[in-house]
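These are the structures, in structure tokens.
Look at the two complexes coming up: chain A is in both, with chain B in one and chain C in the other.
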Partner chain A sequence: MTTTSLTTTTTAGRAAEADGRRRKHGTHLNGLPWILPAFVFVVGLIYYSVFYTGYISTLDWDGLAPTAKAVGLGNFTKMFADPVFWAALRHTAVFYVVTFTVQTALGFVLAAIMHSRVRFAMLHKVVIFIPTVLAPATMAPVFRLIYADDGMANWILRHVGLGSLAHPWLADGKTALPALMLITVWQWTGLTFILYYAAMSQIEPELLEAARLDRAGNLRTLWYIVWPGCRGTTVSLAMLGFIGALKTFDIPYLVTTGGPYHSTEFLGTYIYRMGIRQAHIGYAAAISIVLLVLAVAGALVIGRANRKGASA
Partner chain B sequence: MFELRRRSSRVILQVVLFLLTVPFLLPLVQMVIGALGGIGWRNFVVVWDTGVIPTFFRNSAILAASVIAIVYVLSMTASFGFSKLHIFGKEVYFWLMLAALTLPEVILLSPLFVTATQLHLYNTLTAVVLPLAALQLPFVILLTRNYFDGIPTELIDAGRIDGASVVQTFWHIVLPLTRPIASAVVVLTLINSWNSYLLPLVFLQDRSRQVVTLLPQFFVGEYTNDQTKILAAAVMTAVPTVLAYVLMQKNFERGLSAGALK
Partner chain C sequence: MALGAVASLAMAALAGCVSTSTNGTGTSTGAPTAVTTGGGVAPKDLSGNVVWWGYTPGSPVNEQYIAQFNKDYPNIKVTWKQTSIDDYDAAVRPALGNSSGLDVYQMSAGSANGGVAVFGGSAIDLTPAVQAALGSDWKSKLATTGVSALTVDGQLKALAAGAVFAGTIWINQDLFDKYGLTPPKTYDDWKNVCATFKKNNVGCFVQGANQGAFNIDTLHAIADNVSPGTFIKATRGEVPWTDPNLVKAFQLWKGLFTDGIMQDGALGQMQYPDANNAFMSQKYAMVMMGTWYSQYLIPNVMQSAMQAAGSTDKPFTMIPINFPDIAGTGNTGSLFGDVDYGQGVSAKSSNQEAATAFAVWMGTSTAGQQAIADSLNLIPALKSVTPNWDNVKLVNPDKQQGPEKDLVQRASAVTDNPRFATINADMNQALMQALSTVAAGQATPDQATKTLQQAQQSNG
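Here is the complex of A and B:
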């Protein structure tokens, strides 16, 4: 990287002064050149984009034409009157609550089971974690097939005597969104599981021992000792899931393209549809701004809840 | 966590675990069965014979390697600076970077699209590499700075007293100590760039420049009604990832967990 310009001209007096500072800051040498490349790169690219998005959101523009029409807050008033925008927000909220709850429950229970004496724990672990490393884009065609009329989902239902439930899952506006949630749960439970697994290793054995001596059953121990002990992990996962829900794009875009009739539209797919596909780049930028505000606000709220909980 | 004394309850727990795990396997089973439908394993031959697979893989490798290189160099130097050197207004810089932590990439779409077109970067890997790296960095720097904070400052002072320059200290003393976090960073960045879809979708139109996540769609275009070929392509994309995970299981789990926490 950049060679640093370090001051080596220290007189005796200065050295002593620097010595005092060294206690506080590690060393007295100027570290700015070390952080500047990363700082300029990140702040340059991202902040530039964010401010540019803010500017574009006041335009009626296709992104290519040399002239754009300034419309002020027009895009925003249009957005707040747009039922698809509200539907996308609703889907994101439902998606977040459901996937987070299911993943947390599943991941937690799986981690607890693996911490017990079970056979083939390693094999189970690998199987649960593999979906996490696979690209959603790679798996999308597989899931389209699974949910098809003659696909695996219906095949299983017919073979366990629930054939009456079988139908084309993705073509039905009522079941398309739950179907996508199931894909997400399949993909990310592995990560939830690994994190809880690690968190449970940190719980002091004495605590569990004490609970056993008090004749607390397995479920009581799990609920009163292990679950509170994993609180930090749960909060991290809540934050991760929230941002993940706001980011959702690959799966709805590739599996249902937001349909049928926008029933699986998310903010991400809608921004893409509006901005890139239909070239209403100003409108897409306005939705992006809302998404940005939600992401930052959500992170702040969950972060604060975390601090409050930690001090309580 | 479950302490089970009776044999019957142990068997029940094992069965519950099995029943909970099987659903994770089903999509993979469906993928392989589907890929072997119709003309069987020859689907793979047909897909391979299109000749595009090596190109897509090569592009993905270039993409991932470039993002990893940028993220690694910039995060290591920056974390060293943030953690061990004196910088006026250090925390302001740090928080300005961290504010970018929660950004969904889709927000960058409109401005990046406009900018890339104006700079003639549209349809180049650069247009994907730079934003991907920029989006990874805040997270990774948060991670590595925490790690650097755990390295005793005395080590660096000792190096300085022995007459080593800061660059030498960084290179010979600090970097060798950061291997565990470095492997987590590499794995995390590798998965995120290898699996990235939205930015390649928007910026890479030319087939000779596309990456593996765009493969299924390429084959959807080629064989609209032949699912078997599309799934064969999916299997070929998934196999290297699964292999890499199984071979470096610990690294992958640590890398992804590190990325999720903190």
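Here is the complex of A and C:
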């Protein structure tokens, strides 16, 4: 009986394996035309551009001249000795840590509040999300006015008895970066909120009910049930936030143009400054390559940390 | 083929120019007559579509130029494609790689937007066309700054439309009159004027010091006040940036921030739109702008600018004044400038004949130059043309015409005090950095000038 069964299983297994191979083979043949356009697009455009940028990073070139001077790794050597490059990296790191932390905390808390019985919940959701859809180009002049010496930020401070803190926020290298981070938090917390709101909707109601039966309070439920339940969203936001921080360009460029005295310079603004303003295309390409390496490495590290955390 | 087309066009332009006469005020008395060219093409028979890329002066002035051009060349359709000043270099660079979509494009001197040193390589040599249009002595008929600044390796890469000059401050005369003030001539005058305005809750002097090019203008004006010519010599490497006169200029620059002249928070604001809007909405009484601001002497142009700044008031009386003698040397009235923009013709353009016709018309024809002169936006490239004051309506002619005429006359006489032509992009960046660090107290004038000198040396 056992033998027969084993034989039958083995035969059936072989048949399934062969069928699987056929299907697998068939899928390859039948699926290729379907993925070909995307494959050509990705390989032909994106990867070509990446490798071409890598090639340009070895040149001293203004981007238009018919000839360019090959400098090998000269642009990278120059970049690692460039204090503005390191300042841009520092700003990126601080920007990422602060904006990600604050947005995550705010987004998570707001999503949790919106899952409770709140009056005018829809209105609140819209108000929270609206900044996300506003174009930075239209908001930049507004924020320059808000942060100006006679702007609304100082007006509010003076009217709540904090006039001693009032000063031109964007004109001071010490406060310009925090001011930009505040704009970013204002703009992107809505997206974080929406993603957490959706993630919380996926948590099994039975789990929450069980927590209630075990007399867990709101905070304990949030911390031990809801927060772990949103882990995937947090990791995704961490990755997106990291890559977004590396690519940060619009807010600093439009509000402060990287100034004053490079105090809000980011890799993106520095690439633009060197490549477009100063026509050092090779040097800008070298910074772009570093940006790419950092983005890939950061995504891998965050992904690995997530897998370790999930298996622990 | 392209050469032949340019040659025939040049002949057409020459014929057109010869047939155009001017009266005593430089006004065109008629459009070019349809003349037979070497290639048998008359202006009216020349046709094509020309896409013209640029960043200045913008609507409605560019459309007025095109309308004027079409009186002479009715079958050439010109489409104006404007980008913002800040985005121009980024936008035009990829566009120059195509044979369509860009035929004529604006270039300027040195480190300004569309710098000819970078973008000139993509343009054809316009020398034969302009020679045919103006004759063998063409150089003597055009402003020197326009020709030299747009010539690369002996090739005229663009034809200047006109020049702009800085060194002036524009004041709101109505506000000065309202508070019984006279334009400041010394540093003490300036401080007193600012104190009075502040006492009356009116801003005094506004500058968008986060947009560094205008800071360079202010430094240049101060340096020319301290020691005329030293700034330009430094940009040419003939004098070190550590020269005591330039250190002094940086000290005076810093003083503008600490002595209550510059508005608080200037380093966080842009010249455009912030400072411009603050002046146009009459929140501030003084702003550091150059001859390009003259266009706002014209009521409808000023009204548009005021509306863009959020003001619904009627146009006010503004006039240009000399930069005050803050160094106490008596050296005042310095103007420095170079070509604002010139039109180049893309070497890849498939409409080179029509495109060259347009570029040559803008830079050499009396009609084209008169349109430019009368817009008050630029000092015309063609020396024989000046604004026709009978045609130019001002907001307050009694108070504005005298100072404006004087400004145009003095600017036209400047021969060797360029604004950006001698400053490459790297030095431009270094200067902006030096000025902002000194203003913020991050570096002393001594330190900043030493850093500048190092940058100059590493630039060769």
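Assume the second predicted complex is superposed on the first by the 283 of 312 C-alpha atoms of A that agree within 3 Å, B and C clash if a C-alpha of one lies under 4 Å from a C-alpha of the other, contacts with A are read in each partner's own complex, and residues count from 1 in each chain.
Everything below uses one rule, namely that contacts are C-beta pairs under 8 Å (C-beta built on N, C-alpha and C of every residue); 3 or more make two chains touch, one makes a residue touch a chain.
Small disclaimer: the values here were computed from a predicted structure and weren't measured.
Model built by superposing both complexes on chain A: chain B and chain C clash.
Residue contacts after overlaying the shared chain place A:Thr184 against neither chain B nor chain C. Of the two partner chains placed around the shared chain by superposition, neither chain B nor chain C is touched by A:Thr99. Residue contacts after overlaying the shared chain place A:Pro260 against chain C, while chain B stays out of touching range. In the superposed pair of complexes, A:Ala176 makes contact with chain C only, with no contact to chain B. With both complexes superposed, B is the one of chain B and chain C in contact with more chain A residues. By the touch criterion defined above, A:Asn75 lies against neither chain B nor chain C after alignment on the C-alpha atoms of chain A. Of the two partner chains, neither chain B nor chain C is touched by A:Thr58.
In the superposition on chain A, A:Tyr147 makes contact with chain C only, while chain B stays out of contact range. Legend: residue contacts after superposition of the two complexes on their common chain; A:Ile276 is shown touching both chain B and chain C.
Only one of the stretches 146-154, 200-208 or 236-244 in chain B has C-alpha atoms clashing with chain C after the fit on chain A, and that stretch is 200-208.
Judged by the document's definition of touching, chain A residues 63-64, 141, 145, 272, 276 lie at the interface with chain B and also at the interface with chain C. Contacts from chain C toward chain A in the complex involve residues 89-90, 93, 96, 115, 118-119, 121-122, 209-212, 263-270, 273-274, 425-426, 429, 433, 436-437, 439-440, 442.
Put simply, chain B touches chain A in their complex at residues 1-4, 10, 13-14, 16-18, 20-21, 23-28, 30-31, 34, 70, 73-75, 77-78, 80-88, 90, 93, 96-97, 99-115, 117, 130-131, 133-135, 137-138, 141, 153, 156-157, 160, 165-167, 191, 194-195, 197-198, 202, 212-217, 220, 227, 230-231, 234, 237-238, 241-242, 244-246, 249, 252-253, 256-257, 260-262. The touching residues of chain A, counted against chain B in their complex, run 1, 3-4, 6, 21-22, 25-35, 37-39, 41-43, 45-50, 52-53, 56, 63-64, 106, 109-110, 112-119, 124, 126-143, 145-146, 151-152, 186, 189-191, 194-195, 198, 200, 208, 212, 218, 221-222, 226, 233, 236-237, 240, 243, 246-247, 249-250, 254, 267-268, 271-272, 275-276, 281, 284-285, 288, 291-292, 295-296, 298-299.
Put simply, chain A touches chain C in their complex at residues 62-66, 141, 144-145, 147-150, 167-173, 176, 256-257, 259-262, 272-273, 276-279.
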